[in-house]
């Protein structure tokens, strides 16, 4: 395989992909950095001027930034916790002998394939509507007052929807990992007199450590920029209660047309994502060696 | 005795799994049911689960509204187009890295992966402005371009992991048998890679179909796919639940079917081979 | 014709020298085995001849023509891979025919040749099966069929039997040898198994650390090893090596005696004294592992059954005509 002829051909075939991705990465990023140093508002054309780090100062000291940062972290953290805490037992359950497993698998995986705008609207209207939603009716059956989800607990409502979308992902990855667990290892533990619980704690859980890490990293990357679910349910409100960083940047860019400040915010988002990406790339890279 | 316990366990785990599966699937089921109700029944409290007046009028209405078909067509063109172009660029690249790796191949792969990790919102502003300047806003070609680039790293990675599993020996055997590189691709590599190509295609169709950041921000009407169309129901005056449900069902049904076919490849595609 | 000549062939991957200058003359029709421990470069050397790797230096001549710049398909060689490398999506017929198809041979001639090859290899009933429906031995035969049908100048075998179980391996060993003799085609065969090398080869190339240690017939290697490495590698069980005073008396740094050249005497007086540590009774042979104090552990082979057990005192008497002597660089000293 390693003849010069094939190597030359290989380099040629790789070039388009590398070139495209390089442009895709570098041009927008460079422009974002450039815009971030300008006073640049689309409503005020022609007034562009260099302002240095002013946009960063403005963005980072804006109370909306702190609020949205907090919302972002709460959203990411809660969804991660929910999907993993529910995902582990769910994966263990699907790893058992279950009649009709393939159908159950299909039901469990389905939410992941629903487009975000659909799942957000179905939850918001059909399920969580304070008067006509199914949850209101269930609360009524138990004699409880109906909850006005998106007013009383807006962030929690968004968390609930996003968790529902990502639970299948976590479950599926954990299940795949469980199925790769060597059956003989479990049998050896059984021969060693380990109970079901100690087998879980000493054999299964350590085996799941790595897939859980992968779930955390990949979900984090996507969850940092949750957008559509907020866009169609709360529009960031009430107030700033469901505004995350992605939504804040969107509203500054395309609602307030403040290009400079939005760009500065964009760079903050890039830095946050890169911190996570750093760890993910290391894990994936280590796997490439094997 | 042991056998009894096993059977009992099986019954318990089956019941628990079906219950969990039903609960998770319920919102989708509820939506599908609502799509067959009249608008009044869809709002009704107490809700009716099965014993309502089944009607397909919502589907008829949704189909008749030409804008639904328009958006569905956009979805097909944008998801299909971006996936196909991504495949065309990715196949040679993945082939090259899988079968003729160099010391830098690993770094190139990881770098490609890292471009996927750049949050779209970080580059929203320049992309929006570039699109506005060159007139790509609200065009299908603009969205095809963006979604193609966004998914390219995943496509390359998936293909790379599939190609990597094809034993090098077999390609060398073909070479010893006198196959040129072109014939090696046609007669040996492609037939062996078809399952991998198919699942890569499927998964990326799904991702492109459901993409809801760029589509919401870069299209309004002309090029707007179903994600944007559905989002238009969020306005308070658009509270037609039954029609929303019917439109949603139509929007997710094809992709749900494709998704169910590709569920086994999903893990590989989305974890970049980190979980097998 | 299939005469293959290597002249100063070198291969390095970056700073790592895998093949450090190999010279070799393989005559037409001979069966040559490359043998050596893992990492010795034997597979790399085979792949260089095949054209699957580029040489870093030197020349490879097939029938007098330098082929280093000729692509693998044009060298007129065929190869049997360790993993068989069968095309999984093609039937047995398709696999065997592929090379002929690539060469543009007419359809009926392909059919005729494929069927002839299948008949030779007892594959006729399986022609329309897919490789995954075959047993290991059958797959092996398909791989060989694919190689012979093209009537190459030489066969290249890369550890072809290592994935088979022991009984099948012996059987295939015979079949491969017989087939090669019948066709009269040059064969180069890579293995790490010195028994395979001894039984199959007309000539053996012993490789170690990227260098050819010795090239000769199996018996030459057995009787006149060039150096310590070849002496230790060829022959089973391994040759016993003794250093120190005893060797010095023989005018050598190290002397070596094969286990089968040690005469075993119970409670004997002469020779080398020791205690039996382990005795393996195979019925046909008895292997004794003898703790000979300062001389270390010695292995002796006795043809037939010998009623000795751990703890028994024995003396081992080397056959004086069969003592191999080595100088301090490990080279053999020939009288």
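Every chain is named by a letter (A, B and C) in the order it is written, and numbering of its residues begins at 1.
Convention: a residue touches a chain if its C-beta (ideal position, glycine included) is under 8 Å from a C-beta of that chain, and two chains touch if they have at least 3 such contacts.
Because the structure is predicted, anything quoted here is derived from the model rather than measured.
Chain centres defined as mean CA positions place B nearest to the mean of all protein CA atoms. Ranking all chains by how far their C-alpha centres lie from the centre of chain B, first place goes to C.
Distance between chain B and chain C, defined via averaged C-alpha coordinates, is recorded as 53 Å.
If each chain is reduced to the centroid of its CA atoms, chain A and chain B end up 16 Å from each other. Chain centres here are Cα means. That of chain A falls 57 Å from that of chain C. In chain A, the residues touching two or more other chains are 1-2.
The residues of chain C that reach two or more other chains are 52, 71, listed in rising order. Residue positions of chain B with contacts to 2 or more other chains are 172. Note for the complex: chain A touches chain B at residues 1-2, 6-7, 9-11, 13-14, 16-18, 20-21, 24-25, 27-29, 31-32, 35, 90, 93-94, 96-101, 103-127, 131-132, 134, 136-137, 140, 164, 167-169, 172-173, 176-177, 180, 210-211, 214, 218, 221, 224-225, 227-228, 231-233, 245-246, 249-250, 253-254, 259, 262-263, 266-267, 269-270, 272-274, 276-277, 280-281, 283-285, 287-289.
Those residues of chain C that touch chain B in the shared complex are 50, 52, 71-74, 77-79, 81-89, 98-99, 102-103, 146, 150. Residues of chain B touching chain C in their complex: 167, 169-170, 172-180, 183, 187-188, 191-192.
Residues 6, 9-10, 13-14, 16-18, 20-22, 24-25, 27-28, 30-31, 34, 42-47, 89-90, 92-93, 95-97, 99-100, 102, 106, 108-115, 117-130, 149, 152-153, 156, 168, 171-172, 181, 206, 209-210, 212-213, 216-217, 226-228, 230-231, 233-234, 239, 241, 244-245, 248, 251-252, 255-256, 258-260, 263, 266-267, 270-276 of chain B are the ones that touch chain A when the two sit in their complex.
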